[in-house]
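Heads up, the next two complexes both have subunit A, just with different partners, subunit B and then subunit C.
Presenting the complex of A and B:
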């Protein structure tokens, strides 16, 4: 009941107003989606979009804030998925240990994070394109190893019947429940990346990206920051990988194959690796293309299998014309519209 | 060589001892006790020779890759696609003309032309933007892989070697004695020996061109300092075009060789791209002798691993790579920049 408030408080707008209206609209749309979208859209299109978006988000974090393009993220995700299958329950009973979910999931994330950190420690010894080459080589080593190893990874067949636990009496593989599960994880990962990017660690990481020598001279441990970035990205990728194995209910070496590894890069680059929302936009475009391109292609009289060509050409076009992806295109379009107005009178420049 | 020996006496001794033991294992007849520990000598010799032949093939593919990288600093991740395309074209040409030898110059020219177009139309537009180049080459390899799948389908092809190269030949290396007490000599497919000799000839020729000719001098100068070379009046873009075309053509020839003693199918492109990556990481970027040593190491590791520890043969390759990265990040023969 204070009549006078502290002057500083009046200047601050309430947090509700600080979030742009478009974000509110997007949030309500995503929350209300199950009311008007059918199960196929919820489970296949949006569930898959969020999962691929999470994995690509981990790449965006490394590439956008750390300046390290790592092709390892799909491998880390697949390792997380494998660990859930190996430690938890699956159709392959002679390998799966059948531990309870509250032990399986943290362990899977920790193991994937340790793997990602170790490989990251190896990869940060190199820079730029070398990082791409080394992570690509390690990713393919994992693929071949998982395909040949029958003792742990069950070789070519992999694991089937890997389903999420029945928690709070909800079957989390039901489309609506799974939609909210993936949406929740995506939002948490997105928020985590945004938060970390503004934290002292994230700012130092961006400094390392822009000028490692100066950061080293200022007393920052450049290598440690880069390795820590790999650890965080691995945790995010592992979350995506666990969701992916739950969605497909199976995992096999193909999950971490070279095409899948390249797809994550394509998604992140097409969406835009400057901002955390980019990977989700890229994932939505990829999933829509992947889901509906057979229909479009057969409408043009081409074989269904040519969608890879379509994706490859689209990727080429984006990389050629807009290095920062679809987001970059959008921002440039906005900037051009903004420039047309005369800054003094506010009139359109052409008139 | 002498410089290395005086700088690293311990390593020289270690390498010499390893080589001597290896030579002795290859040349000397094995006693029954040794066979009890290491298995049949024939198996061991076959693993060694397949490893060396595979190394020769890896060298053919990786030499172009490392040359292109060393000179132009661009990572051509479409190199594996050039290899596979060369293989398919070689198959078509040798089927159509019936001549295996004719396929080599024809494929070299065709794939080199594609390389010229790539360098002129793609890489020149984004010089110095390494990341963008890498991504563009990834896109190109995806598109090329799908177009090749479209044309040649998913089945695997094998290029038939000509009659005069088919069949085994006897090498003056003892594998053991047969029941009658006669010495048995090793038999090995002729075509693989031919491939090995061809790879050695090409490697030596590349080394000679690089170290003894004016063009080689230009290329070496470009590897060391590109800006200074172009500032001294050399039209460096022509050097770039020539090197790129040569590297691409070499990858195409590698495709024919690979199609002759292995097979061609979708997925081989990434396999050979990765092999080239590992070879140049191990051997050192931009170094032809490094590529040769790396290719030999990787080929041997792959084949020996395949014989003695089939599950983990892939892992050996990558362990070598990880060890090199951990202790000598610039590669065995790479120079620190």
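Presenting the complex of A and C:
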């Protein structure tokens, strides 16, 4: 692939022509969305999709490239969100420090990344189910700590009135602006993950996933690579967490509660954990279900709360039929269609 | 397989340090009450090519695992080019010029041949944590291409490793071990499972290595072992049983009894 591509091939086709037409269409559609979607769709559906997609992307990076299933990503995101509220401005004036945005945002990301790295340093010494258990334990410890600590995290209430800064005279919480803000962040995070996956660090991480013992025998420090992956994933999760607190304009322990932690795993697995686009597909499905299933359910005379049942059944169906998530289903469908075509003429073979 | 293909590391290496390449003193590895290797003492000169022979369970692979640092020995010391590396993690020993291949190919099945070799080259150079993709003229890419050519895999460079034939995977194993500037290589049964033609190719690859690269090769096939080694160590039940030149070992009555006596082959 890109890293070691034969020299001649890239020269013949400029990069711009190597992007498939479907991506151009998707890009145009996303950019033009505010022309035809109403504020509810822009802010509530797509804004939320991009945010959850970013947080789930950080899990995809760890699990898909590093082979480490971490339940910590929502906690890191929430810590980033809390830090924006604590260091910047919020409705809880006795705690919030009121630092300017250009200090608050980088500091929040750095603090979340340091936390993620420290927990990562603990977690990488374990494998498989034990990684899941240790990150789940730390995630629930964070939830209870935030709920009981009033000095920093303001306990059960959390922080309200946490809004994005007014930059360039734009109110970034206004639906169209917020849509572009989250879209921009999602595209940057997505592109970063795709780019890094073919860099020496990303390749080495995939090598560590496939065969840690061999990587050590090639001169790589396997533990250091795994910890560095947590650092990078934490930065991505923190970006998602800051956007999430801005969208809700508040943050409370529930943001990092166990259901939210599990939801991120469900989103990544449903979408597909092998490729970076998967988490965004999973997030869109989750948000659509979450937003519209209460209406559908009450039409059938069922309680609104039953939407979790729908999500659970959907998760079960995806895990059962396609371990690679929705993305895997799509790829298999494409492969089957391809097989029915005549390899020479490209026409559909007669049945 | 010409000499020049693999000669490049020699230029970068400068001088080979004096003294032994590998020096083991009383190395013992216990698994519970079982001594997989017991009190192994051996010295290998820089550039020396040695074969380690012995039946299954003689402790040959355990010896390799102790030298590379896959396990720490229970007692004894291991010196690599004069430096005590007994407690070093594997990657630190690799960065000092030690390399190894595995008996069962340990490759990165989800990556291409070129990516596998590129990783191996990157592992022993700086920028292991680089987040920037390599640029077109990256010397490591060139070097990876040379190594792929040296083990006759150029036609398969973009193929996924999981799609390679068994023999090709064994060749790739060797390419990974030769990345960077190797000074001493441990080959763990490189000929296992190869066809007679592939074995001949392996012998030519090993004999074509630049002279400063010493190695130890574990090999069951006497024909291969005796053609690529200048000295032989026989192991039996975790201990060193005999050392000598290939001729001495081949004609030794005790060795013949041990190796061929009890209905072997």
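The rule is short, and it goes like this: the second predicted complex is superposed on the first by the 330 of 351 C-alpha atoms of A that agree within 3 Å, B and C clash if a C-alpha of one lies under 4 Å from a C-alpha of the other, contacts with A are read in each partner's own complex, and residues count from 1 in each chain.
The rule is simple: a contact is a pair of C-beta atoms (placed from the backbone, for glycine too) under 8 Å apart; a residue touches a chain by one contact, two chains touch by 3 or more.
What you see is a predicted model; the values in this text were computed from it and never measured.
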{"item": "Touched partner set for A:171, first subunit B, second subunit C, both or neither", "value": "neither"}
{"item": "First (subunit B), second (subunit C), both or neither touched by A:93", "value": "neither"}
{"item": "Subunit B versus subunit C as contact partner of A:320, first or second or both or neither", "value": "first"}
{"item": "Residues of subunit A contacting subunit B in one complex and subunit C in the other", "value": "none"}
{"item": "Residue ranges of subunit A touching subunit C (in the complex, touch as defined)", "value": "1-4, 6-7, 10, 195-196, 198-204, 206-207, 210-211, 213-222, 224-225, 228"}
{"item": "Touch list for subunit C against partner subunit A, complex", "value": "68-70, 89-91, 94-95, 99-100, 102, 106-112, 114-115, 118-120, 122-124, 127-134, 136, 141, 144, 157-158, 176, 179-180"}
{"item": "Contact set on subunit B toward subunit A in their complex", "value": "75, 129-132, 134-136, 138-140, 142-143, 145-147, 149-150, 270, 274, 277-278, 281, 310-315, 317-318, 321-322, 325-326, 329"}
{"item": "Subunit B contact footprint on subunit A (complex, rising order)", "value": "69, 122, 125-126, 128-130, 132-134, 136-138, 140-141, 144-145, 148-150, 258, 262, 265-266, 269, 303, 305-306, 308-309, 311-313, 315-316, 319-320, 323"}
